[in-house]
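By written order: A, B, C and D. Residues from 1 in each chain.
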Amino acid sequence: MNPARRYTLTLSCPDRVGIVAAVSGFFAQHGGWIVEASYHADADTGRFFMRQEILADSLPFDGAGLSSLFAGLAREFEMEWQISDSAQLKRVVILVSKQDHCLNDLLHRWRNGELLVDIICVISNHDDLRSFVEWHGIPFIHVDMQGNDAVAKAAAFEKIAALYEKSRGDILVLARFMQILPPDFCRRHAGRVINIHHSFLPSFAGAKPYHQAYTRGVKLIGATCHYVTEELDDGPIIEQDTVRIDHGDSVEDMVRYGRDIEKTVLARGLRYHVEDRVLVCGNKTIVFK
Amino acid sequence: MNPARRYTLTLSCPDRVGIVAAVSGFFAQHGGWIVEASYHADADTGRFFMRQEILADSLPFDGAGLSSLFAGLAREFEMEWQISDSAQLKRVVILVSKQDHCLNDLLHRWRNGELLVDIICVISNHDDLRSFVEWHGIPFIHVDMQGNDAVAKAAAFEKIAALYEKSRGDILVLARFMQILPPDFCRRHAGRVINIHHSFLPSFAGAKPYHQAYTRGVKLIGATCHYVTEELDDGPIIEQDTVRIDHGDSVEDMVRYGRDIEKTVLARGLRYHVEDRVLVCGNKTIVFK
Amino acid sequence: MNPARRYTLTLSCPDRVGIVAAVSGFFAQHGGWIVEASYHADADTGRFFMRQEILADSLPFDGAGLSSLFAGLAREFEMEWQISDSAQLKRVVILVSKQDHCLNDLLHRWRNGELLVDIICVISNHDDLRSFVEWHGIPFIHVDMQGNDAVAKAAAFEKIAALYEKSRGDILVLARFMQILPPDFCRRHAGRVINIHHSFLPSFAGAKPYHQAYTRGVKLIGATCHYVTEELDDGPIIEQDTVRIDHGDSVEDMVRYGRDIEKTVLARGLRYHVEDRVLVCGNKTIVFK
Amino acid sequence: MNPARRYTLTLSCPDRVGIVAAVSGFFAQHGGWIVEASYHADADTGRFFMRQEILADSLPFDGAGLSSLFAGLAREFEMEWQISDSAQLKRVVILVSKQDHCLNDLLHRWRNGELLVDIICVISNHDDLRSFVEWHGIPFIHVDMQGNDAVAKAAAFEKIAALYEKSRGDILVLARFMQILPPDFCRRHAGRVINIHHSFLPSFAGAKPYHQAYTRGVKLIGATCHYVTEELDDGPIIEQDTVRIDHGDSVEDMVRYGRDIEKTVLARGLRYHVEDRVLVCGNKTIVFK
């Protein structure tokens, strides 16, 4: 629940002999206690990916000191890298419409300390969930789209973008937000917007996936948490799951079963993201669980 | 393993009040002991579907007698119906290429008595699996496609069709048969050919589904057992399942994981079919488990 | 979400030919439209179990009329039976301590209309969850056990019993209530108290099941929803599920994974109960899903 | 299927800063290309566990050279360690009775190259499976227990022990062998005998677990692969899985469902063992997948 303070280093670089030795040698030399270490060599790109968690108190310097020392090693191996500090909670903004099962699940995980983040605000194109959000002491912001009026919608998205940027949010979560983000929004915040789609992608992208699943007669339905890109429902997949249905299940039954996997898959995906467990490689993700 | 002899009645008809009462009343009147009963009302078509298993010895007549008596009731309710007799094993023909995991699994279930069918023969476009099949005392027939030569292939499919028809087979099983059946073959034997496709359809239809899954970066892979129709990998789905993978899994790993679900899904699908548990409704199935 | 009004008939009786015919004939005779029908013959006891859902509007009489007409048939077949009316919501009382993941989940399902019940009140031996419960407009009652003082505890249980009885509750839900109910309470309300135990019973009954699971080194953990009986964690099981863990997971990780299956298993078990899908047979349940 | 030759180093030692740095530094210094690396720090014992796979061709010495060089480092860190060479297939002896689903599964995985081991022989207390085993070109040895006669049984176990020892087997697999090994056999070969038990241990240890599960009314059944110790069904668990059943399933149905998870769980457990992925820590296992 409240583990010791940690630095998390994530990096990628061209694969070669000696990367792990160099990085673990760097930490050993300074007495750094590594509590988690994960690696992946991507055969297609020839790149090497790494994630290390180090106890902050085991090092003789602070995060800035760590970064400036590590920079030399990183240059030598041509690393793209970042270090995050568990004492700096990730800043989360949540977008919702009217359905609240994912929101309810995320806020519960947040208030019982399972999801260690700052929730800056919840933004919605409807006012329905205000009371529930405000009960948590979290600001609720209503951006009116006036029944999907094009001008109102564009203005609403500008407001959302401004709010996200002003909040210095680390991640924008579409928690069953029933609107499609404008392309430039997606481009500008690549890797910083995650969505839960209520199908097992790539099956049933787009609108009404449970209806599509019902029509096709599949025997399991699914949910997919992915980074948002310009191409609808086509971004890098972080997490998925499926649940069994049968011929007796109506679309309404699927919606009900689906809620349980949507919220679980989104919660897992968000957790992986805020714990710096997800590294993007082309249109795929490496998830160091 | 060796249950008492049973008649299995399956039917569909326009939905209305009194169908169950009429059918169960019919059996009760003759002392028929119903051991399994399943119903489904399809909201889209307004049709009612039913499956009943009755102990043969509880009835005062044989299967022919049952059919002739039931015909009157069936007419009244405009039923499409059939009665099968567990003493008449379903006749199965299996098509394979070189991969044998599904074949091995089916033959094992057959020889330990779990899959109660007659396996008429195994047909293959390669000779590799002859010894294994013949060890079981099952005829193995090699239809040479001479490296996918068009003429040889057409001739091979004619031979397969002739063998299937001559065998009076109830079901033709494509147990990882790596060839596409000609359209007229599919039409002629609609509902009597089942395939195992190595993806969670409708995702990744067609060739090399594990490569497609690898490229898309999905987090689970699947397998689908379906009736074969003219449209490739688009027939009514009988059974599906999925298994979790991660970024560390290569295509070869997926192939290995996939084999385990392919064989299980095919075995379940075939079992449902030969036990008359699958009723087709448009492009969907009702599976009375 | 808001299906048409239905009567649900559940019954058990000695197995014989003609039960289904008699019951379905009874409804057909009065024009009753059966929307769900399930049967089970228990081989060990020779009893037959049945559940039928009938559209209320299809019958020419009300629930009382139905009951008085059905009573004759029931006598003939020596049935134990009951009829419930979907217009009469089941009355639920929830007991909690401090952990709120099951409570949060149940209240969400209730407020979005998935769990169609009346929640009479939430009772707790701690005051922590008052604000959350009251936000829902549901009465919250704190019964103080004064640090598990024996006299205070006995008084608290008497108060709980009185509240439950006065509320005419149909089901008392122990939603991670960390206290053991007195034996006479269990006896008096047999079949009307359900619990969620945080292990896959019969493994790890009693206290600290995740610690027990950690010590034994199991590779999956589970949760069990069951009726409460005098014997601790030994009552008829309604629903269970498991989730995979590995050697890297601490007890705290198990607790976190466990919450997700606890709440799902309890929600399913409670749903089955309030929809009259659970019939008890000895120390086992028949669950007509 | 046929990956490049690899050395696999597994070790455990007291946990401290610098172990990974020392080991990865050792390999980097000699140009060793690490293709898989896994770590675990056990909080209860304060020990650190590691597994590394290194491409053999990337090192300038052979396995003996590697071992003699690594010995110095190992001493410094007080490591218990071993290095295995993928070119040296593990030697497997399989014990069966009459049920062949696990045997059939293992032999199929072996003959299609998925299970890379030498199967020295199959030993059975019945002669039934001789033809199937010999079709594979694997020796089949019948050790007669003369209907469980105590003297015959003791002699049979002595013969089994002698065969296993003479074969220099790395692992003895009880593939649904329905006999209990003598305690001294278990002691002498600790960590070198694995069993598949047909329940989700610790539930339903001992005889007739499916009957026990049926009687208790559980909603899922399971299978457990574990190392054999003197205490029946109590050794370190390597792998487990569960499958859903319901009230309609007889013991025979459970047996049928169970076969599918038994064979899968045993195959996974054996695979982990022969790939040196399983490290024992007290009565628990660390499985580096």
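Convention: a contact is a pair of C-beta atoms (placed from the backbone, for glycine too) under 8 Å apart; a residue touches a chain by one contact, two chains touch by 3 or more.
The shown structure was predicted, so the numbers you read here are calculated from the model rather than taken from an experiment.
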{"item": "Chain separated most widely from chain C, comparing mean CA positions", "value": "D"}
{"item": "Interface residue overlap between copies chain B and chain D, same or different (over half shared)", "value": "same"}
{"item": "Pair with more cross-chain C-beta pairs in contact, given A-B and B-C", "value": "A-B"}
{"item": "Chain centre separation in whole Å, for chain C relative to chain B (CA means)", "value": "38"}
{"item": "Chain A and chain B, separation of their C-alpha mean positions in angstrom", "value": "41"}
{"item": "Set of chain A residues in contact with two or more other chains", "value": "none"}
{"item": "Residues on chain C engaged by chain D in the complex (per definition of touch)", "value": "40, 43, 200-204, 216-220, 222, 236-242, 246-248, 250, 281, 283-287, 289"}
{"item": "Residue numbers on chain A that touch chain D, as the complex places them", "value": "17-18, 20-22, 24-25, 27-29, 31-35, 37, 39, 41, 58"}
{"item": "Contact set on chain A toward chain C in their complex", "value": "1, 100-101, 104-105, 108, 112, 114, 131-132, 135, 252, 256, 259-260, 264"}
